[in-house]
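Heads up: the structure comes next, in structure tokens.
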Amino acid sequence: MMRLNSDEMARRVAQDIPDGAYVNLGIGMPTSVANHVSDDRLVIYHSENGILGVGPAPAPDQVDPDLINAGKQYVTLLQGGCYFDNAESFAMMRGGHLDIAVLGAFQVSERGDLANWATNDDTFPPAVGGAMDLAVGAKQLFVLMRHTTKANEPKILNQCHYPLTGAGVVKRIYTDLAVIDVTEEGLRVRELYGDNTLADVQALTEARLLPPL
Amino acid sequence: MMRLNSDEMARRVAQDIPDGAYVNLGIGMPTSVANHVSDDRLVIYHSENGILGVGPAPAPDQVDPDLINAGKQYVTLLQGGCYFDNAESFAMMRGGHLDIAVLGAFQVSERGDLANWATNDDTFPPAVGGAMDLAVGAKQLFVLMRHTTKANEPKILNQCHYPLTGAGVVKRIYTDLAVIDVTEEGLRVRELYGDNTLADVQALTEARLLPPL
Amino acid sequence: MIVMNKTCESLRAAVADIADGSVVMIGGFGNSGIPLQLIEALRQHGARDLTIISNNAGVAEIGIASLLKAGQVRKIVCSFPRSSGSIWFERLYEAGDIELELVPQGTLGERIRAAGAGLGGVYTPTGYGTRLAEGKETKVINGKGFVLETALPADVALIKAHRADVWGNLIYNTAGRNFNPIMATAATTTIAEVSDVVSAGELDPECIVTPGIFVDRVVTQEASRHDAA
Amino acid sequence: MIVMNKTCESLRAAVADIADGSVVMIGGFGNSGIPLQLIEALRQHGARDLTIISNNAGVAEIGIASLLKAGQVRKIVCSFPRSSGSIWFERLYEAGDIELELVPQGTLGERIRAAGAGLGGVYTPTGYGTRLAEGKETKVINGKGFVLETALPADVALIKAHRADVWGNLIYNTAGRNFNPIMATAATTTIAEVSDVVSAGELDPECIVTPGIFVDRVVTQEASRHDAA
């Protein structure tokens, strides 16, 4: 079975981001999607802490300590970018102004429910950050995650077992095995990598998958 | 009986505005209060259309067509003033950030209800502007109005007959006869002009007036 | 290299897709910060049955008054329709030919902002206990009365700014901001009339008032030359 | 001529009236835009039983973590308490020695803004149908679910800006704004830590981010010299 590595997964998402799109990339693997959008293209990245037009990491002697992204990494500002406060930044998210948000996930349900902020392990204090706002607000919410847990258990489920981030919010799921759309009919496989078959992927998925159209 | 003229009434209000206060002056007679705050004093005027630090009228060749006050008169900006949008301007009002608002009124009740945006004459279309926001938001709401109507009928009433702008919002009333505080005990005369007696003023007032302390 | 450029070459083209029955926000306060050329283009375009959301209802024969005079407006949502010289509004109102939704100015602003920020509504103290709260949900929170006011979105916002860059970032002139920055956030399509358009990076990123994400089209006042040609 | 000057000569004096039991907002996101010197002054001042409203719960031994370590904090209201290195928060949380109110980041911002803008609350779609909406009023508006989130005011806001003028007008540095401008509006007393203070009129009135009406005291980072003396 063909399993993409992290770089290949991020590259696959990058292919689906149109020029001129306003995009928020979540912390972790989603952030690396930007590395696969080539320099001759223009995507405008939003960072929840108040930046539109996030540019690449600065040279070490060019660091501005206040200029960080949501993952607390130093960044730069593109020509044409700007700064704003938390209220305006989240107005952009919640108000439907972002074209695409790409988030990681613990679990996704067949209805597009997203669970990515808490597990059922209560020994750690909970933390939610901006995940719930991004989940409800972006015009299209893409999830980028491995198809199964490290223990090879499915993450695409009939129902999420972990606390929800948002209900019915996911539009498309990019995993290391396939690309899957959340549709009114259910989960529709859009693309199978390499020689992966629907049966292969279904075997690692709890929710029922519909074949590609 | 001593009746102040408009200039004298505005001057009297100006005496009660402390240095450093943030103040909104309503359209009409309240606007003229600023003319009686001497140049060696500093009061910061707010205009609902998005100005803090409103300065005097410009010389004719210095007019900026966008730089008007709420009464649509051309104004200037003091050094230290700034501009903002409607949402921020009304956040200043409603959020209790203005120290004093001075408004005109058709009627005030003994509980401090204010009626200043509509009469019971429905032949004109209604207009409210920012009056209701100012009424609920300023730390202290002063009313500046003639004590009676042109027909010599009282405007300080047991109950307002006109539609309310706000309920229980007026703190003090400056008329051409007296200064009256709205207190928990009722309307307390604070100052009588010239030889005016409590009985004189009460005769022109429907609501009961309490004597000065 | 892909270049983003939201500049529209002609005022006529900028408003060409405004459909009959649209809800149209128009920025401005009195004569300050009004997109007069976009309004004139909308008048010439001729879309009818419009709902206009604006602070005022126009004076004399220009701006919003010109749309009223042309019979293009079914309803107006505003705080202060009755300025001196609002003859066209008054004429239509008296004849029962226009619907008026009167909203306190700060409530109008919050309802517009709520739409732009994805909120369903806000509880405001403004208007509590008055005629303008009749029929609305109220709630006492910590002993103070509030009125529920719901989000007010639009199909199109016509706004006026001082300068844009090609990404659609905007700065304004003095008190010309008023409703323009919040209306920019609240419409499906936002069209800005500006004095000039500069390259990306020419506006100070610390001083941009309206981020370009809220702006779909930018048109200069010079563009009227294209329309005349 | 009266001159307005909100500058406070010493960090110690700037925080001297913060009482035990106060609700204190602290600006910042990660290490960006945090008023570190005001926090240190609050630590030295020693007020206890504090409720802290901030996006994060501090890392290592500085900033908010220093207040936690000193046992001055009873409760924290934040969106993301668990950053790598948040050892003092985690220690107190596990021991049951601190109360946590977890709020989605955008909801935290709207609740703060609502307090500053005099609103009672807002209906937000964020968190609808999740654990964080449990026990809260909800409402379906135009087919979409919303959660009622009430205003979140504070006694004191400690914020960080880049530069102030003597009227208390503020500008910020890049992404250092984050929660600072909205917190400035939501507290009874707002105290801003800045790099320098200039005369009235030296900041461009078109570029002022926080109007001085929201700011009570301004203190420069240089002021720590006064405290050491």
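Note that the chains take the letters A, B, C and D in the order they are written out, and that residue 1 is the start of every chain.
Basically, a contact is a pair of C-beta atoms (placed from the backbone, for glycine too) under 8 Å apart; a residue touches a chain by one contact, two chains touch by 3 or more.
Remember, it's a predicted structure, so these values are computed and weren't measured experimentally.
The fewest steps needed to get from subunit A to subunit D, moving only between touching chains, is 1. Interface comparison, B-C versus A-C: the pair with the greater number of contacting C-beta pairs is B-C.
With centres defined as mean CA coordinates, subunit C is found 29 Å away from subunit B. Inter-chain spacing, taken between the CA centroids of subunit B and subunit D, is 34 Å. Subunit A and subunit B have Cα centroids separated by 54 Å. The residues of subunit D that reach two or more other chains are 110, 113, 117-119, 124-125, 172, 174, 205-206, listed in rising order.
Shared interface positions of subunit B, defined as residues touching 2 or more other chains, are 77, 83-84, 87, 90, 93-94, 136-137.
Taken pairwise by the contact criterion, the protein chains fit none of the simple patterns, being neither a path, a ring, a star nor fully connected.
Of all possible chain pairs, the ones that touch are A-C, A-D, B-C, B-D, C-D. Taken in their complex, subunit C has these residues touching subunit D: 110, 114, 117-125, 139, 141-142, 144, 146, 150-151, 171-172, 174, 204-207. Touching subunit D in their complex are the following residues of subunit A: 47-51, 64-68, 72, 77, 83-87, 89-90, 93-94, 118, 123-133, 136-137, 163-167. Residues of subunit A touching subunit C in their complex: 19-20, 22, 39-42, 44, 46, 52-53, 77-84, 87-88, 90-98, 136-137. Of all residues in subunit D, those touching subunit A in their complex are 29-33, 55, 79-83, 89-90, 93-94, 100, 102-110, 112-113, 124-132, 172-182, 209.
Across the complex, subunit C meets subunit A through its residues 1-4, 113, 115-119, 165-167, 169, 185, 199-201, 203, 205-206, 208, 211-214.
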